[in-house]
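Here come two complexes built around chain A, the first alongside chain B, the second alongside chain C.
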Partner chain A sequence: MMAGVSRILIRRLSSSQSLPPSVRCCSRNFHFNINGKRDDAKVSNDISQYPVVDHHFDAVVVGAGGAGLRAAFGLSEAGFNTACVTKLFPTRSHTVAAQGGINAALGNMEADDWRWHFYDTVKGSDWLGDQDAIHYMTEQAPASVVELENFGMPFSRTEDGKIYQRAFGGQSLKFGKGGQAHRCCCVADRTGHSLLHTLYGRSLRFDTSYFVEYFALDLLMEDGECKGVIAFCMEDGSIHRFRSKNTVIATGGYGRTYFSCTSAHTSTGDGNAMVTRAGLPCQDLEFVQFHPTGIYGAGCLITEGCRGEGGILINSEGERFMERYAPNAKDLASRDVVSRSMTIEIREGRGCGPEKDHVYLQLHHLPPQQLAVRLPGISETAMIFAGVEVTKEPIPVLPTVHYNMGGVPTNYKGQVITHVGGEDKVVPGLYACGEAACASVHGANRLGANSLLDLVVFGRACALTIAETGTPGEKLSPLKPNAGEESVANLDKIRFAEGTIRTSEIRLNMQKTMQNHAAVFRTGDLLKEGCDKMDAIYQSMEDIKTFDRGIVWNTDLVESLELQNLMLNAVQTIHSAEARKESRGAHAREDYQDRMDELDYAKPLAGQEKKSFDQHWRKHTLSTVDIKTGKVTLGYRPVIDRSLDQEECSAIPPAIRSY
Partner chain B sequence: STVKTASFSILFLRAGQTKPGFLPRIRDEFRQNSNIKKTDVMHIEYLYRRGQRQLDQLKDVNTKQLGTFSKPQAES
Partner chain C sequence: SINVLIVVNRVYQVVLRPTLACPVSTRGYKGEASDDSRGDLIEIPLPPWTEKDGETMDMKRRRLLFQSRKRGMLENCILLSLFAKKYLNTMSETQLRQYDRLINEPSNDWDIYYWATEAQPVPNVYAGEIMDLLKEFTKNKDQEQRLDAPNLEYLDKGSQ
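Showing the complex of A and B:
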């Protein structure tokens, strides 16, 4: 009788063999199949096949820089089974290039209070920063730095063995009234390098699974919830789907949209692009920080710490011109103020060099011993990239693209949000931290040394939030079997692209357009022209030509995918900039030179009527892109003006921003 | 080296047994690379190193299944 039953079962199974249930057809002609090759395949060579490995984790972190590593081992520490997917080896992430330091109100050099740091950051952001996130960051700062020290980070020390803190741009005491603050904890001028190596070393203690040299393609979204990431292994060309309930984006910025930037070639805004393709908005992308001191020509970074140690900027007349633009802070004013001042000096004919197109950073008036101990890295950089001996000659510098204040919008806990019906709404399963995120702690302009702080504080915040809202080992919700198919179709399309324009050419066009049309000073006509040019360049991506048809270590393919990501960032940046008709922080418009808030804070507030939301500009931009047409749609979201606890730390009402 | 390849393939087959979709691919990969000359040491060693990494990943408890996205090029 048992034999009879089994014969029926076998027959039932064999009749269903004709259409295996795991085959799902799709409109892009890609078929997903579990049981190896399709049986009706005539010749295997005719089929473009991509093996896709499925992994299940409790949490996936995309990016292994400062923020990514901190989130990954924070999650592993909390017991979550964590994967860290990164296109670069962790110690090669761009965090390693950070020089200046990390701000924290430890009070080692003089009496200090985190509320003064809070005030400086709010003012630095030109009142576009969300004060609850800033409160969170500045309050956590001392604990975060102490935690880093306990991890073994080799901070520079004072005579009595405490962490050495140097002066940095925009930092003051007593809410701006007590002079320059010394709050930036540093490791000579190689803080990012030490930070990243310390975090990497620490992360090895935990059992995070690292997927190194895996290029994340897209988020796996279903019903508005993020259920994981799909990535491409560069080593063997296989596709990997990382399914998890919690995905953290820590992919860094997108400096490479500009021709001249201090960023690595790998800063291509992959996270922002993944979020855009998922139909979610990006926030405040028009705010691109131009660091005052990038080496003229090479674009390499000379840290603000030079000015913190006493370096000064001089024009062709040998004048310390910052005294005119920022009488109190002088060379240590906020970065956007300094960049604008330098650009004005050059424009008015007081630039240095044969073409009068840069200014000088003078360090030779400082004792050589101090330069050797506190600034060894830039001494070397200046010699290699500018041929300058810093103890004898000044360094030629120019404002260079350095940081992106904008990114994936999150709340102060690190959860990604959208804005629906006038309310912030959390996207379940998705988190972001670091430069890729926009919490927003930096608002319209970032203060120096706040970024490294942002990384560790919000990296940890994401891990804590995930630990709070979930449990390790939770069962995953079902996902449709062919999830991620569009990403593979796109990869295949790019791999076999046979247009007429090569990747490097399209990239150069984009970079030159952005550099010329969305620079330090922006005007309506130039921006509009830039928008039209960028739209045309976006369309030209249809005509892209790639040369390498292989699947193993195909850098042509990876660079083209990165270019797709850069393109999405660039169009959102320039369209958001064109739409914002005011000057705020790093976004300076020559045709709209004033800040347009809901009240005119330059005049007495009594008797003024508040402007309505669509009449003023103290709001966050939310941009989305229609991937097929490249059309950018803009929306807006109010700034959060309440701190986390009004009694502990009262919010700062807007005021005129001068240094 | 054929003995080494055989034992290496057995490790893969054992690791992939319980996880759907891996066995056909493992067989294909070994079959495809079986015609490499014995003297082509660099190529063999590269594939072996890569294979070790892939085996570790296959054995990992978080790796669940292998599928394929395929597109008949004739249809495009």
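Showing the complex of A and C:
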């Protein structure tokens, strides 16, 4: 009976399109007929199959997470008529998952200095972070948190009424010599939600225009300048061109390229892909952060607190293997050490489960009362997503993709840059912030609680830079009448795709390939094999098969467009990883286990000769893709080693990174 | 003496709760919970959610499918997309409207997770048939492995 109902539903779905019947079976050739401007835009659909609406704004922000909302709010507050285009309702952006907090050197728990936070972040980035951007972020941090408080974020307080700050990994005092710092500010356990709620609510008072459940397709580029964004409305299938002098990309990360990641199914790297399709480079995509304990398959995060309470990792032989890899710290060694140990166990055949592809996190040796009181959420998550009763059985876990350090390259002001003739060059009209951007403050490895800070500081930076360089109500330069046509042609092609391989199949192939070849364990042969496999999977997109032909609320179409975006992120990630022959931060190779800097910082520097730019790896990767062939081209640009003001804050010269 | 009263009150509340559940104060899912004044929610009210007018049941189902699969965090993505796979196509109009409100009105996705897992009590406005179904579904009595959101092909009966 279920099948019968569904069959009727499908027939009804495919006939309930919003197109006039005469047009529905037309050939795939079409063109635009635009008729309209501003908000009361007129819609034309007499010739074009897809009604197109033109909007003019002073600024357009793509993405309504922490970074996007901060940028939209800042722009609206400065008087710019701002549009925010988002595929999700703002408070449902992935920022809501963040329960940790925001780092800022407020000095409420002990004497603190933002320069110590600066040092921690530079060191955490394994000297791949740009120190001018890190200087900007850590110096702005206290003011940013106070500003958020003034907007209405109810930070947790100490008894004296000051903002409570807790300890977090990688944060120290006195340039690493003064012990653990306490600089993470939080709103109970819903910092991410509070950030979104506060910024969204405030931005509405300044008349920000939200276009919710609009899927951004591409940037509108002309002569190397960004003139806006083209998007499609999921609710009625109409196409919208948001024309503007200022476009901000804040679309988040791309964890979904991997089989196992902690990210929501919305993290599909849409902004990175839009930039790639515009012929611009992405930066440092090979740097993907892994968290040691995500639930196998589901990927939901199991907090480090489990191991803190006595949980242990075991292999198929029931051995507590961390004793071999980290005799002192054992299961509480640093994240990248634990992740790599788990991966080695699996590769050497001691993995668990029918495919021997994960390890176990054992908690059932702990008293049930302790589990219930100290780790309440774990029992529920394990039961719901792994069908495991933690008081009786171990939880299957795997190092899980957690964050993307790489993204759209920007300077510390949030302006998107390319690298031409050995110089950084600003792309006019284009900005980026948040996880989608690569300023680069996280370099090769991100510290906990620096991500929410990144969102707020650089979202604000984009708004400030736009306010500095432009004025509200500025006249827009003309745009070709058929700008964005290619994007709609692509949408149409995917909507009616009749190949032989389903979207879900191609997606799974990509995810499994990335998981097997470009995860924690990286080595030359494995990466090379992965590159070849990914190139073939990229080609297989030509043979994609979708099944939902409608235009209204077509989830199949959206997920297929997202797959296109993921694919571009995946090929750049794996090719960049294969090319980088060193280990730095989150990129760890078994065949090149050391960092390869311009000087050997493990030895005395006197008498050493500096390696030339193409002989060392302390540089940013810039990757571009030929969309038709899927061929990835790599280039490099130098790391910025000077702070914004050498007197205020000395840059930290590279050193060996040990904790 | 006020402190004594507070302590006594808290102990009383803990005793009343079922043994496996945790103390009444807001339980953090990850990390320590601390007092939440909810000042932002009180002082910055967002525009109220309203039901969409003039939507056919088909369109509602299609919209709710997208909105079930695309959530703020992974736990809800998996839970709601599996729930939608099981129930969405056979929900009555009333049930669809209940479900619409449940997944679209709350501003914090974690709240929906806490209600479904019974970590926190369900506010009266969301209590009902659909919430009960969701709570039951979440319990995973058959202990099936819920490794990921399902692929969409279960909707493509035309090719099977």
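Definition applied: the second predicted complex is superposed on the first by the 512 of 659 C-alpha atoms of A that agree within 3 Å, B and C clash if a C-alpha of one lies under 4 Å from a C-alpha of the other, contacts with A are read in each partner's own complex, and residues count from 1 in each chain.
Please note the rule applied: a contact is a pair of C-beta atoms (placed from the backbone, for glycine too) under 8 Å apart; a residue touches a chain by one contact, two chains touch by 3 or more.
These numbers were taken from a predicted model, which means no experiment stands behind them.
Engineer: One more residue to check, A:53. First (chain B), second (chain C), both or neither?
Structural biologist: Touch status of A:53: first partner only.
Engineer: Please work out whether A:336 is in contact with chain B alone, chain C alone, both, or neither, and reply first, second, both or neither.
Structural biologist: Once the two structures are laid over each other on A, A:336 reaches no partner at all.
Engineer: More residues of chain A are touched by which chain, chain B or chain C?
Structural biologist: Counted on chain A, the partner with more touching residues turns out to be C.
Engineer: Of the two partner chains, chain B (first) and chain C (second), which one does A:96 touch, if any: first, second, both, or neither?
Structural biologist: After superposition on chain A, A:96 lies in contact with chain C alone.
Engineer: First (chain B), second (chain C), both or neither: which does A:481 touch?
Structural biologist: first
Engineer: Classify the contacts of A:204 with the two partner chains as first (chain B alone), second (chain C alone), both, or neither.
Structural biologist: It touches chain C, and chain B stays clear.
Engineer: Between chain B (first) and chain C (second), which does A:194 come into contact with in this model arrangement: first, second, both, or neither?
Structural biologist: Only chain C; A:194 stays clear of chain B.
Engineer: Once the shared chain is lined up, is A:372 touching chain B (first), chain C (second), both, or neither of them?
Structural biologist: It touches chain C, and chain B stays clear.
Engineer: On chain A, what residues does chain B touch that chain C touches as well?
Structural biologist: 235
Engineer: Where on chain B does chain A make contact in their complex?
Structural biologist: Going through chain B, the ones touching chain A are 20-21, 23-25, 28, 50, 53-54, 57, 60, 62-76.
Engineer: List the residues on chain A that touch chain B in their complex, please.
Structural biologist: On the chain A side, the touching residues are 22, 28-38, 41, 46-57, 81, 83, 209, 235-236, 239, 481-482, 485, 488-489, 492.
Engineer: Report the residues of chain A in contact with chain C in the complex, numbered from low to high.
Structural biologist: 2-3, 5-7, 9-10, 12-13, 16, 87-89, 91-97, 99-100, 152-154, 156-157, 164, 166, 186-190, 193-194, 196-198, 200-202, 204, 213, 234-235, 261-266, 296-301, 303, 305, 372-373, 376-377, 380-381, 383-387, 502-504, 547-548, 550, 552-556, 558-559
Engineer: What residues of chain C sit close enough to touch chain A in their complex?
Structural biologist: My answer: residues 20, 22, 26-41, 43-47, 56, 58-59, 61-63, 65-66, 69-79, 81, 89-90, 104, 107-110, 117, 119, 138-140, 143-149, 151-153, 155-159.
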